[in-house]
Amino acid sequence: MGNVLGIINLINEKPFLKELTQHRCMASVPFGGRYRLIDFTLSNFIHASITKVGVFTKEKYRSIMDHLGSGKEWDLDRRNGGLFILPPVHPDEKMKGDLEHFYDHLEFFQRSHEETVIISPGYHVSKMDFNDIMAKHKADQADITVVYKDYHGTSVEKPIYHTCTFDEEETVTDIELYTSPVPGEHVCLETFVISKKLLINLIINCVGNGEYDLIKDAVKANLHTLRVKAYHFTGEMPFIHSVESFHSGNMAFLNPEIIRSNFYDSWDLYTKVKHEAPVNYGLSSKTSNSLIANGCEIEGVVEDSILFRGVKVHPNAIVKNSIIMQRGEIGEGAYLENVIMDKQARITKDTVVMGGFHPKVIKKAEII
Amino acid sequence: MGNVLGIINLINEKPFLKELTQHRCMASVPFGGRYRLIDFTLSNFIHASITKVGVFTKEKYRSIMDHLGSGKEWDLDRRNGGLFILPPVHPDEKMKGDLEHFYDHLEFFQRSHEETVIISPGYHVSKMDFNDIMAKHKADQADITVVYKDYHGTSVEKPIYHTCTFDEEETVTDIELYTSPVPGEHVCLETFVISKKLLINLIINCVGNGEYDLIKDAVKANLHTLRVKAYHFTGEMPFIHSVESFHSGNMAFLNPEIIRSNFYDSWDLYTKVKHEAPVNYGLSSKTSNSLIANGCEIEGVVEDSILFRGVKVHPNAIVKNSIIMQRGEIGEGAYLENVIMDKQARITKDTVVMGGFHPKVIKKAEII
Amino acid sequence: MVNKKWIAMLLAGGQGSRLGELTHELAKPAVSFGGKYRIIDFALSNCTHSGIDTVGVLTQYQPHLLNAYVGKGSAWDLDRNNGGVSVLPPYQGKNGGHWYEGTANAVYQNIHYVDQYDPEYVLVISGDHIYKMDYTRLLQSHVAHGAHATIAVIQVPWHEANRFGIMNTDTTDKIVEFEEKPDQPKSNLASMGVYLFNWKILRKYLIQDEQNPVSSKDFGKDIIPKMLADGSSMYAYRFDDYWKDVGTIQSLWEAHMDLLGKNPAFSLNDQKWQIYAGNANHPPHYISPGAEVKQSLVNEGCIIYGQIDHSVLSYNVQVGAGTTIHDSVIMPNVTIGKNVTIERAIIANNAVIEDGAVIRPVKQSDDIILIGDRQKIFTHI
Amino acid sequence: MVNKKWIAMLLAGGQGSRLGELTHELAKPAVSFGGKYRIIDFALSNCTHSGIDTVGVLTQYQPHLLNAYVGKGSAWDLDRNNGGVSVLPPYQGKNGGHWYEGTANAVYQNIHYVDQYDPEYVLVISGDHIYKMDYTRLLQSHVAHGAHATIAVIQVPWHEANRFGIMNTDTTDKIVEFEEKPDQPKSNLASMGVYLFNWKILRKYLIQDEQNPVSSKDFGKDIIPKMLADGSSMYAYRFDDYWKDVGTIQSLWEAHMDLLGKNPAFSLNDQKWQIYAGNANHPPHYISPGAEVKQSLVNEGCIIYGQIDHSVLSYNVQVGAGTTIHDSVIMPNVTIGKNVTIERAIIANNAVIEDGAVIRPVKQSDDIILIGDRQKIFTHI
């Protein structure tokens, strides 16, 4: 594409994932045995040949800086374009909204040669074809294209999703902010296509008027003056808004068809390379319906689980329906069920940890 | 060397350079026609084969992030090691001192494989041979080596320098904080060699005792329990602590001998490559005793001055004893003397700007 | 792996023997140009600006410097994980090794390289021309015409047309005839050596041509005429900006003179189309009191005490006091002493010109003087 | 440019014809190993861990895949501005082109490459051994001895010593005699093909050897014996960890079996000495319900329905239900159907094994079975 600037907007992240986002932003949460949530959006950008990406960060972004590094793994270590991490400019003041942050970095937009901007959050687990979205945006001659998906998740208690309605020509007629959608409702994925020129104008005007919220003040408020079109995203995508939905969103990948469609079919998912050795299965290992990343050493039983890189399962340990993040270690004879274990945590010999409907979260580097 | 971790400590920068540091940290101030101050320390690290560098930033560090990018120009875009920018972890709280910031990033030190740490500020304009400093550190069997230089600058009004005294075996006996040195006094360059293990211990102990200042609480307070040795740096280095000394420090480079010793002699000074064309001298140009960077177009008169990349001097304009930073433009018939012009500023036709003993500073993008 | 819409194959194999001593130890595309660049920089920068991120550089003659210079490609933003720049030398397979025999054969031997990106189009360019060209326009024209091949052409003076490959076209720019260096040219549209092909079609012709025992395996002499003869849909794309083949000392010197002046025939200082160069880390240059520099391009790293007029100075050139340089090209790392006179000359890399030397043609109409690499000149020449 | 203390020259030119079909389309150092790696990864990773940041890879036979694989070197952190990894193929100079004739000739032809870094020492290694070695210890030993050359050696079983180049040393490990594959070995210290030279001295010998018309231009056969004959100070450096030449199908298979088990003879999962591999981006592997995997290494990208025992599976291998794999090596991108039996076999890249096929030696004592690249196996073999 070459003419599109990709923006990953981490400003509006909510603390849905509790302990998992205690020391990292949501975009940086590990997912799928080997990835961070942000890898999905970044990879989608790459597949659309977007070569300039700005990541607008708010807080707890050190792990995202570590993860992204020079951008080499995403081929974004470029002289022209490449990866830009844009931290808050006034860290000592409370940020009023994403538009304020965009305004503080207005030069970044102004100096970019790209004519079109795609804005997306950093936590969507999806394979989204931005070339197709762009094509519709052009064909529609839209000012803004709003990407939506029919809600299919379990019902949410708190009103956290924005839903949109549109007419038969897919012109967006309304956006309802902070709702609890029922299945089938059109959830706005906070993913937009917009010309850079219009975006800059909207940023300047809104901030000038003391308005700081992209979706509310720039998009919704202009539905009747701008040509705002909807794009229906029909691909796979779990709605992640709680520890439970994070767990089930991971577990959905325990399915060769889903694995194939997300990881193969010439749609590589890029992430940081760690040079771990192939998984070493011992004589007493027993693994079933699980996704196992490299560097693991398995001597116990692993069922219906996802093991990140470098996890050790000692003999007679049993891991069921759990997510074990990087360098976790399960001691001899331990029993885990319905658990999400953050990085570098360790379960000692013969310990039993069980979650119920709410998976039990074991914190980073915790020893139980 | 391979076994040394380089730390550039931007925490203790003072606002000496007024307008020039209004929107950037001191390490990021342009110098010498083409460089930023931090380039000198980074290049010194490279010449000592240091391949892992942490830059501890405090505020106004966006331009340093822009400048360093992926670290590619300094060959620091590495999987193992490379460049790490370490911003404040608690941006909403006032930082108590550099040791607090080191403490917040203790994992960075702990996870590094390197056994020795060199800590340096980001604003020294010097060619410093860290291999030689390391060799003395080893030969001395020192716990800490403190690099000092004999003061040679003009007298400073405010007490801003730390001076050290030592015995005949160069064992440091005292460090006097915040002094106004007279020529010949030993100014501590806030550049230290220390084992990583000892540094980690000092950080943990000091912070545990509510002490947060590296030179005061970790070095000075331990002069009698640790083996602290002095290293005499005898190379060229301007003391920069004001707009005047910044100006004169630049002007010292209008000397082929200084240029040769700083930029040649197989001691490349690395900086961001900008792909500017060679300088275009017009028919009416007259240049004398000046340092001119690529991308300039000169049709007027330039004397005793330093022109950064992409500066335009129109016909009949006169530039004397001035520093014109990147993309500055001097209109037809304008006259400049004793001026420091920040990036992208512009002097309109026939305008006269003169500084006196205090060079006049023209702000970034200002139009006069 | 993301497939590529188009990739470029850059022919950098030629010795460029008409450049004499300049190509003694390096391939023509590696010759210095414009005070800062090497000739190949122009084609590589054109690729980058045109959004082509995969470039195969076909090289055979003295490839080391070119190899080291291109390196991992970061100067041109071609250090990509998928694609980027690859230097492609000859190789040995199961049946032994083959040096590249002609331009078409060089691409033929690297069919597998092209195939791995499965591109729709392949751009074939050469590494020895000075020009700034947006290849995307060529591509647009190619697609609009539904062509099998599109050849970039430029109008040359009629009296020079017999030195070029000439395209005869109909009113829609469809090529009806191609004549290599015709005695009686019917048109003055010269091939610039820039070809865009549909890869599937080119691939077929390359394989076919390889089996022809009398073919010289060259794009201009064999592939293009054969495609035309077969009635392929081939179009000319007219380019009307600066383009120069710098294959001789004279033309290399002329191209340098074209860089000078207030509105030069060819400007290097174009912020929208920068020419990227490798190893571009040198300090600002220093102009001493008493020096005089006019109508000239001076690159970084120079230290100038003398007088420079209407000349191009590359990096790390030192010019002593009392020295005058006119209408000349000084390549990198040249040291020029005091009271030297240089006129209408090209001084190659690392030469040393001692105090008092005089380097100029006897008559103004004589050929440009060339001082070769690393030569040391003591006095008159 | 920062000069280099030492650089490495990695010999990757050989065809490795004893690996049969595995090297049909690629050079031996590019052969897959250990489920994730290529053989050359071990030498390159050793360089990285030893702090060597400049590696010239000498290549001649089928270099494309190796070229594309090494790329800009970022997997091994060898994508450096100054130095890094460079693939060095044969080239044409003023006097025409020369293929590499022997290992010494290959380095000789690249003297200028080495010279540009002006190193004190040059490490010559080959790209076809499996080992983890800290070359800095070799260097320390070399410096401590004040040697002109140091040769890494390993003790081999006495009955195999006649298959190696054998060093006879005195009590200080000074080499007093070198015998290539001696009938009656006097020692069991075999050369590992890892040489450290003082560059100035090696340079002299390379030039001298080149002028010897009867020389085979090989390090082991010509350079080392000549240096010894001249009384150069040459020492053996004893290496006592795992080292394996994987030059035959049998030894390649054995080396894979050495990776298996709780405390394998050679461990790949060593956090302090990771083996780096290029193109290592694959999803985690999936083990289905009903699958059984024991005593095996399984790499990313696999989807396993069958039973795997004491085997090594590379990336993107698919194994159908009811299939059993024992004592075998499955290389990348192999598709194995249902109810297949594979025993004591190496299945090369991209092979397809159809449902119900049986691949195993007739007798347990028979040779390991090799299924070549891209082969399609329908039934018994």
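First chain written, first letter: the chains are A, B, C and D, and each begins at residue 1.
By definition in this document, a contact is a pair of C-beta atoms (placed from the backbone, for glycine too) under 8 Å apart; a residue touches a chain by one contact, two chains touch by 3 or more.
Each chain and its UniProt protein: A, B = Glucose-1-phosphate adenylyltransferase subunit GlgD; C, D = Glucose-1-phosphate adenylyltransferase.
As the structure is a prediction and not an experimental result, all values here were calculated from the model.
Enquirer: Return the chain whose centre of C-alpha atoms lies at maximal distance from the corresponding centre of chain B.
Expert: D
Enquirer: Looking at A-C and A-D, which pair shares more C-beta contacts?
Expert: Counting C-beta pairs in contact, A-D comes out ahead.
Enquirer: Taking the mean of the CA coordinates per chain, how far is chain B from chain C in Å?
Expert: Inter-chain centre distance comes to 40 Å.
Enquirer: At what distance in angstrom does the C-alpha mean of chain C lie from that of chain A?
Expert: Centre-to-centre distance between chain A and chain C: 46 Å.
Enquirer: Could you list which residues of chain A touch at least two other chains?
Expert: Where chain A meets two or more other chains at a single residue, that happens at 72-73, 77, 79, 268, 273.
Enquirer: For chain C, write out the residues touching at least two other chains, lowest number first.
Expert: Touching at least two other chains: 74-75, 79, 81.
Enquirer: Inside the complex, what are the residues of chain B that reach chain A?
Expert: Touching chain A from chain B are residues 59, 62, 65, 69-72, 77, 79, 82-83, 85-89, 91-92, 273.
Enquirer: Please give the residue numbers of chain B that touch chain C in the complex, ascending.
Expert: The touching residues are 32-34, 72-73, 254, 256, 259-260, 262-264, 268-271, 273, 275-295, 297, 302, 306-307.
Enquirer: Okay, in this complex, where on chain C does chain B touch?
Expert: The touching residues are 34-36, 74-75, 262, 267-270, 274-277, 280-301, 303, 308, 312-313.
Enquirer: Contact residues on chain C for chain D in the complex?
Expert: 24, 60-64, 67-68, 71-74, 79, 81, 84, 86, 88-94, 97, 99, 112-113, 116
Enquirer: Report the residues of chain B in contact with chain D in the complex, numbered from low to high.
Expert: Those in contact with chain D are residues 2, 46-47, 49, 72-73, 75, 77-80, 266, 268.
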